Amino acid sequence: MLLHEDRLFPSEPGTRKIARALYEQVRSLPLVSPHGHTQAAWYAKNEPFPDPAKLFVQPDHYIYRMLYSQGVSLEDLEIGQAELKNPHQVWRIFASHYYLFRGTPTRMWLDFAFQELFGLEERLSEQNADHYFDVISEQLEKPEFLPRSLYERFRLEVLATTDSPLDSLADHAAIRESGWNARILPTFRPDSVVDPEFAGFAENIAKLGEQNREDTSTWAGYLNALRKTRDRFRKAGCTATDHGHPTAQTANLATTEAGELFSRVLAGSADAAKQELFRAQMLTEMARMSLEDGLVMQIHPGSVRNHNRKIFERFGREAGSD
Amino acid sequence: MLLHEDRLFPSEPGTRKIARALYEQVRSLPLVSPHGHTQAAWYAKNEPFPDPAKLFVQPDHYIYRMLYSQGVSLEDLEIGQAELKNPHQVWRIFASHYYLFRGTPTRMWLDFAFQELFGLEERLSEQNADHYFDVISEQLEKPEFLPRSLYERFRLEVLATTDSPLDSLADHAAIRESGWNARILPTFRPDSVVDPEFAGFAENIAKLGEQNREDTSTWAGYLNALRKTRDRFRKAGCTATDHGHPTAQTANLATTEAGELFSRVLAGSADAAKQELFRAQMLTEMARMSLEDGLVMQIHPGSVRNHNRKIFERFGREAGSD
Amino acid sequence: MLLHEDRLFPSEPGTRKIARALYEQVRSLPLVSPHGHTQAAWYAKNEPFPDPAKLFVQPDHYIYRMLYSQGVSLEDLEIGQAELKNPHQVWRIFASHYYLFRGTPTRMWLDFAFQELFGLEERLSEQNADHYFDVISEQLEKPEFLPRSLYERFRLEVLATTDSPLDSLADHAAIRESGWNARILPTFRPDSVVDPEFAGFAENIAKLGEQNREDTSTWAGYLNALRKTRDRFRKAGCTATDHGHPTAQTANLATTEAGELFSRVLAGSADAAKQELFRAQMLTEMARMSLEDGLVMQIHPGSVRNHNRKIFERFGREAGSD
């Protein structure tokens, strides 16, 4: 068995007994997942998930960051490639380093998936890597492993995705129009249009303007475009926003001052302090809009991202190390 | 019963046994309370405590801060009013939200008071709110619930209050002169005359000058007035000072520089950094005076106070959220 | 007995059992000590250790810092004296304050030495101070307490000392040439020549130049001298460097800029910020050299040293309080 029945519970018998009793009361309840790390396209298309390497290894920076720290090259893991040339080989590299994840949350949830979903009971290693690959691949082809089947099997009551303001939300529309009885909601995550350090910041803001027929080269037009986008999200079922800021700093500048700061960041002439001030101001603007439209704010502050310049330049924002 | 015999002890049987043994050794010892959060006037006048709402809810910002966070208005709780118009109603609001305090220190000590002092054994709730009110009110009228009786019942050996340098300490004098055999000492808490952000800072310093016949518009006169006040406190039994600073920053400026800084903060023309520098300098001055007069320094650094501007402006310094 | 068999293990029986099992597996393994706080001269000369006061009290700032905090004068402890005038008296002062170390790591390891090496089983105190002194002194004279005997008795597999770049490493050479079968390696600790606040910084750098026949008044010559010294250390068996920096700050200046900064710190005209910048730059330079020569970097950042100016001025860098 990969999982201990009392994993994550206290070792002391008295408190463990209480933990077990509490868990019994909630373990069968439906899941409400406000930050689900899944994509609407999965449920819109409802196609089989890809092979194990592409499914588990390629998109998970917790996994390849660990392997990288032990000298495995991201090139060998084919990180950032649209199609894997050698998924078996990527999987074998991962399997032969699986012991590294001892004691990590990553192994807790991977072992759970391996045992509870795929019926595997021996720890993943170099020896059983191919067996794992075959068992998982075979099952992923079955109808009960399609995204919508899993949504139902996991007893999800509501699942929120995380979406850019530039996203058309077409996948969310497709889900609704398909008549499938599930509650999958977008979440408004404006990092790409409020963080001057985001790749393509100025282009993103121009695109935001086009989409909303607003002149986003002005402070007022920019705020209007954000307001309209939030409204569009809300109409698609969105109940919350999500903000990934380096700090939880807020600012409350006068309109003129805020407008000048906006012009400067848009022109790319703001220094690091001004960029941070702009993010701080935007946290306040987002709070203000939340008071108007009722969207709940979620803030993920304090992650220093992309500190590995080489990796960032080669593999981009999601892989550049947190 | 509201209290578990082993509350706050470890759950593991081995260490719990040690905790019980240690507690047995100290539970009957007299109390020495160096920071008692009580007022000398209570013991000077020895009048019955007021009704439960005025006694427990109105002065306790831990309580109303929690209720406020859940949408209860401070107006409904009559916070800041000299007399409560509807104490029963305030108490009912508190009682119907008492479940919110589960797991908080506030409930630990309230339940202790309810059970051990007033003999109540059912958890406070909307249902028994009036019963609680009546039981507590009735007992507060009895002689054994007068402040001096409680002081003796609690086996206090010494109790220190916290007092402004502008306080005449008349209540402390009245206690001493009454012949009552108790040790209630003032503590010198100079926040109102060393923190430029304190409401009425300049007026306080002028008053400090009058009281001590010193020209507190000068740095030397100001320090002299503080020295004299400390001496006055010491003669009234004071053994310690207490300092509520936003940070533990200290500075040690030359006399001329310190004098110029003092003039600036007194004139209200010091910016935030200069105000902090002044507090830092005053921490050093207070340490210097402690070396002279032997008063023990207590420092409460790091509380960010009054961050809720609306509440601060309406309900003042003690209610503005920490 | 001074030691509990299960000291430092969990009190909860289930986890304690696991701790005991794990410890059984490792307790007899040889020791690898990468930061041994010992001196090569001990093993080169292999002379008996001095009396207990000089051995345990005088060089251990954890001990005398505690005594100092309780009012014991460092003069009475003869800290900083080459020879102790009254070792019995120093030991008695220490013994009579030994209760202060309850619950500290210092007592954990001292009690271990007292019981396991010297067979003492009663807690050190004022009463048995002389007995302790005599028992320890007597045994330190025996051959089995000579440095090399202890090295073997402790089953050391490898032991690293910490050495200044200005050290000739003659003691390490003497150990190797003596034919004794032990692995005692130097570690390159360049604080004295990379930290502008180190006493004698400019003189140290001049000496570094002489030793390596480089002009260390230039940035290039200085780096060359460091490179040569690292090479000399490596040839003496060194496998690692060790860096005691106030912060873990790094910088990566252009060569010209770094050179100018170096000239300024060497001339003594750099302010605190520039001194910190220089240390930050040197951390990067040391990392760069590690990439070349393969020495492992160890960083001890974040200790604020020498904050007690009086003690620092009288007793020097090692005693000035951390």
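As written, the chain order gives the labels A, B and C, with residue 1 at the start of each chain.
Keep this in mind: contacts are C-beta pairs under 8 Å (C-beta built on N, C-alpha and C of every residue); 3 or more make two chains touch, one makes a residue touch a chain.
Bear in mind that the values here come from a model prediction, so they are computed numbers and not experimental data.
The touch graph of these protein chains is complete, with an edge between every pair of chains.
For the pair subunit B and subunit C, the CA-based superposition corresponds to a rotation of 120 degrees in steps of 5. If you average the CA atoms of subunit A and of subunit B, the two centres end up 47 Å from each other.
Among the residues of subunit C, those touching two or more other chains are numbered 12. Taken in their complex, subunit A has these residues touching subunit C: 11-13.
Touching subunit C in their complex are the following residues of subunit B: 12, 14-15.
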